[in-house]
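Chain naming follows the written order as A, B and C, and within any one chain the residues start at number 1.
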Amino acid sequence: MSRPKLYGLMAEFDSPDALLAAAHKATAAGYRRMDAYSPMPIEELAEAVGFHHTSLPLVVLCGGILGGITGFGMQYYGSVFTFSQNVAGKPLNSWPAFIPITFELTVLFAALTCVFGMLAMNGLPTPYHPVFNVPNFALASRDKFFLCIKARDPKFDARATREFLQGLGPIEVSNVEA
Amino acid sequence: MSLSDLPDVQLEQAQKPALIVGVGAAVLLVAMAFVGADRDQFFRSYLYGYVFWLAFPLGSLALLMLHHLTGGGWGFVIRRLCEAGARTFALMAVLFLPLAVGISRLYPWTRAGWAEEAAKHAPFKATYLSQPFFFTRAVIYFVVWIGLGYLLSKWSMEEDQTGDPGMHNRMEALSAPGLILYGLTATFAVIDWVMSVDPDWMSTMYGLIFVVVHVFTAMAFLIFMASRFADHEPLAKVATPSRFHDLGTLLFAFTMLWAYLAFSQFLIIWAGNLKAEITWYVHRGLGEWSWVAGLLLLFHFFVPFFILLNRPIKRRKQLMAKVALVLIVVSALDVFWIITPSFFPAPTIHLSDVLAVAAIGGLWLWAFAKQAQGRPLVPLHDPRMEEAVEHGA
Amino acid sequence: MSAEHSAPIIEPGQTFATVTDRISAIVLTQKTGRGWWLGFGIAFSLLMLFNLAITWLFAWGVGIWGINVPVGWGFAIINFVWWVGIGHAGTLISAILLLLRQKWRTSINRFAEAMTIFAVACAGTFPLLHMGRPWLFYWLTPYPNTMFTWPQFRSPLVWDVFAVSTYATVSLLFWFVGMIPDLATLRDRARNLIGQKFYGFLAMGWRGSAVHWHRYETASLLLAGLATPLVLSVHTVVSFDFAIGIIPGWHTTIFPPYFVAGAIYSGFAMVMTLAIPLRKYYRLEDFVTMRHLDNMAKVMLATGLIVAYGYMMETFSAFYSGDLYERFMVLNRWTGPYWPFYWSLIACNIAIPQVLWSRKARSNVTLLFVISLVVNTGMWLERFIIVVTSLHRDFLPSSWGMYWPTRWHIYTYVGTLGLFFTLFFLFIRFLPVIAISEMRGLVKEEAGGGK
């Protein structure tokens, strides 16, 4: 598979509202493969570029349940089967005493799942990404807002798309080299 | 939407059945005590019914003051209902009278010779659990509760009428010391009325557990009521799905808090395993009552935990109303599990327990419905309302 | 809320660019000030004192701390609880206030979280050192071993290992995740290669994609939801260290909530202690406004009152139960050999902070700073009272004893202050002290007028 020389076209805006409006218009114009970049989260922007649902909460819930089972299971196994000691006359299965660690491991597993799940779904770390080839893109972490329509988009056409983006009132439209 | 749907009309219509149930159950309850001649059981059941229903006005009062202090948008949905609940303390004071009559049947420390015996090893307790001091404290509690409910309602009404922003500051200024007073009175009221049924037993967490019972029960009730009126202006303006979400989250937090406090108390006493303390749980957690404890674990923690974790459920008021109703019943079971095992080592439920809950509940709901009428369901001139409406949308 | 609440949480006139430049400048372009070097120098010297103290400890053993039967838990446990408690405000500010959608947290959450991590690091050293043979610490963890032994899971000390290590891990993750977008900002704005590589490596290629932001925000909320019960559980488990035993003064059911409230109390005091000089020195008054200080003072007042409730219930129960040992414990605190500590504790934790009821007091920065120090002291005294006065009068009068810390014990304690402030000074020099991306969000909201 040959890689397209052009990753996409990038339009630069100077306000979150302009970016949001642009993303809506691009969707309306039939573009499907695009991404928006902003220095802070903007409500509805993910929906505007066609992303609706993340399964992260469900994954985290599973991580938590696994942690709880691991926590209680470990203590039960250790205290009842392999190292059964009479401590202070307490039963081998001292379940009330096992709750704190069960809880801690639930939280630990859920938190680890949450962070690493989020990073993995986002594909981070990403050592190289084409968008950084746009010189002004450094401002995406300061005060500028970017919309990138990818060359992979079926509707993408270097000239037509550029004209379309120009029509959205950006500061600048630049090529994103792959 | 017809006229008969209006909150005031609905509330007025609810008054009569509530009163009939309340008075009817009360008559039956008293008749049973006289005919069956089981006076002790009458007072035991009455104590249970009273302590359970006291959670509604006390929790409303606490949530009202919490709202005045923190000012979250959620508070505007339930504030008028809280105020109505906080105006029912006079009725609760009257309903306290049967308990005052029955203290010699309920509390072992009223027996002859108990005080002399206690004075030998616990002189403070002998003084604390004496009848004059007990009644003095009860009077103080009711004065504080009636006073707080009265002032907060009055200023809120004046704010509606005059739009004077000073009223808001006054309510906020009263709520900080008010919450302290609430914490102290609620703690010592349950120590006096409930914990001293077992005068040899003591837990320092007891008061806080009841504080959570109060806010949990009241929040469930308020969510239920608010969901019924949420489609009507002016409540509809603030009672948006995201506000119900907030209320549901608070209910969720109280559920967790309940589990946290109940479990911590159990674990500490279980691990210490001292004779003076563990007896309380030998009855409730390890003996024949343990299946009730299991039910509580399931329905007071696991089930609401997984239900209220769901954002979509919390945003739907009709669903939340059903969840809230179930949780009120669960809370009634919780209070039952705290009080009744002191009298019976094995799970026992009397008809009079049910009648007491119905009697006091009917009367309280009647008073609540009466108090909730005649005022707009949201404060009209609260300086924070505008912001709350904007953010709730 | 009333007039004082209308004070802004960010001063007007700030834009996306100014917020970014102002905060990143502290790290990237601003000259390292003399004040920084002075503070860092002092902290670093104390850290060296810490090294000296633990070297001496390893050479001679815990006997040099002056602990002995009946007081086997001296400074080490007092300081452990004190430090863990301080850490809690950081999590509270970043997690609970996020869930409650309290926007004023934005400018203080970053360094409050940093404070949490450094405080937990300091806390963790104490139980390790107190073990006597810290190189065998891994015996506390369940690991496959030739002796087929397991940790004693009925012991709260083992719970503590899990609680504190989970807490340290989750706090670190929370802090780091929160910083990723800001690290990207620093990467993009760093002018030298080392800075670009350093921040670039840590930012992991963050590019502010809308889809990424969406998952990132979900993850932040989930982490906040997890951190909230976690923070309660950690100090609860710490309270179990005491309450599970049957020592009078330790074994009481109010301990979990009262310890948690005390932790938040001392933590907010420490945030205040750090925030007030920081905002002045780096001129961050636009971001850490009077509204923040006012709110923190109110939280301190509220949690302080819960702590007072705990003291009250403890005393009430001692007399109500009539238990001989419980009553003696209370009287011994009031009038026994450690009475000055007890009454100073009441003064610092309960009496003096009542000044915060006054609105005028809450708007006096110097006074707030002083009160924050008083509360930090008071909460330290509380742990001293709990640990020492409960132990030194054993059930049998023949086992009674006294405990006074030795200089090595004091060096270790002061040394952890060095560790804490060294880390903190490095943090304010190399990482963004305020969450830049969240501040941009705040600017957007202010500008958008609630859009």
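As a convention for this text, a contact is a pair of C-beta atoms (placed from the backbone, for glycine too) under 8 Å apart; a residue touches a chain by one contact, two chains touch by 3 or more.
Worth saying up front: this structure is predicted, and the values here are computed from it rather than measured.
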Innermost chain, taking as reference the mean of every protein Cα atom displayed: C
Contact-richer chain pair (by C-beta pairs counted) among B-C and A-C: A-C
Where subunit A and subunit B are represented by their mean Cα positions, the distance between them in whole Å: 44
Distance between the centres, which are taken as Cα means, of subunit C and subunit B, whole angstrom: 35
Centre-of-Cα separation between subunit C and subunit A, whole angstrom: 30
Numbers and ranges of subunit B residues touching at least 2 other chains: 267, 271
Junction residues of subunit C, two or more chains touched: 154, 229, 236, 240
Residues of subunit A whose C-beta touches two or more other chains: 88, 97
Residues on subunit A engaged by subunit C in the complex (per definition of touch): 16-17, 23, 35-42, 45-46, 48-49, 51, 54, 56-57, 60, 64, 74-75, 78-79, 82-83, 85, 87-88, 90, 94, 97-98, 100-101, 103-105, 107-108, 110-112, 114-115, 117-119, 121-122, 124-129, 131-132, 137-143
In the complex, subunit B residues that touch subunit C: 71-72, 118, 121-125, 128, 168-169, 172, 176, 180, 183, 187, 202-208, 249, 256, 260-261, 264-265, 267-269, 271-272, 274, 276, 383-384, 387, 390-391
Complex contacts: residues of subunit A adjacent to subunit B: 88-89, 96-97, 99
Touching residues on subunit C, where the partner in the complex is subunit A: 15-17, 20-21, 142, 148-154, 156, 158-159, 162-163, 166, 169-170, 173-174, 177, 180-181, 184-185, 187-189, 204-219, 222-223, 226-227, 229-230, 233, 236-237, 240, 437-438, 440-441, 444, 448
For the subunit B and subunit A complex, residues of the former touching the latter: 263, 266-267, 270-271, 273
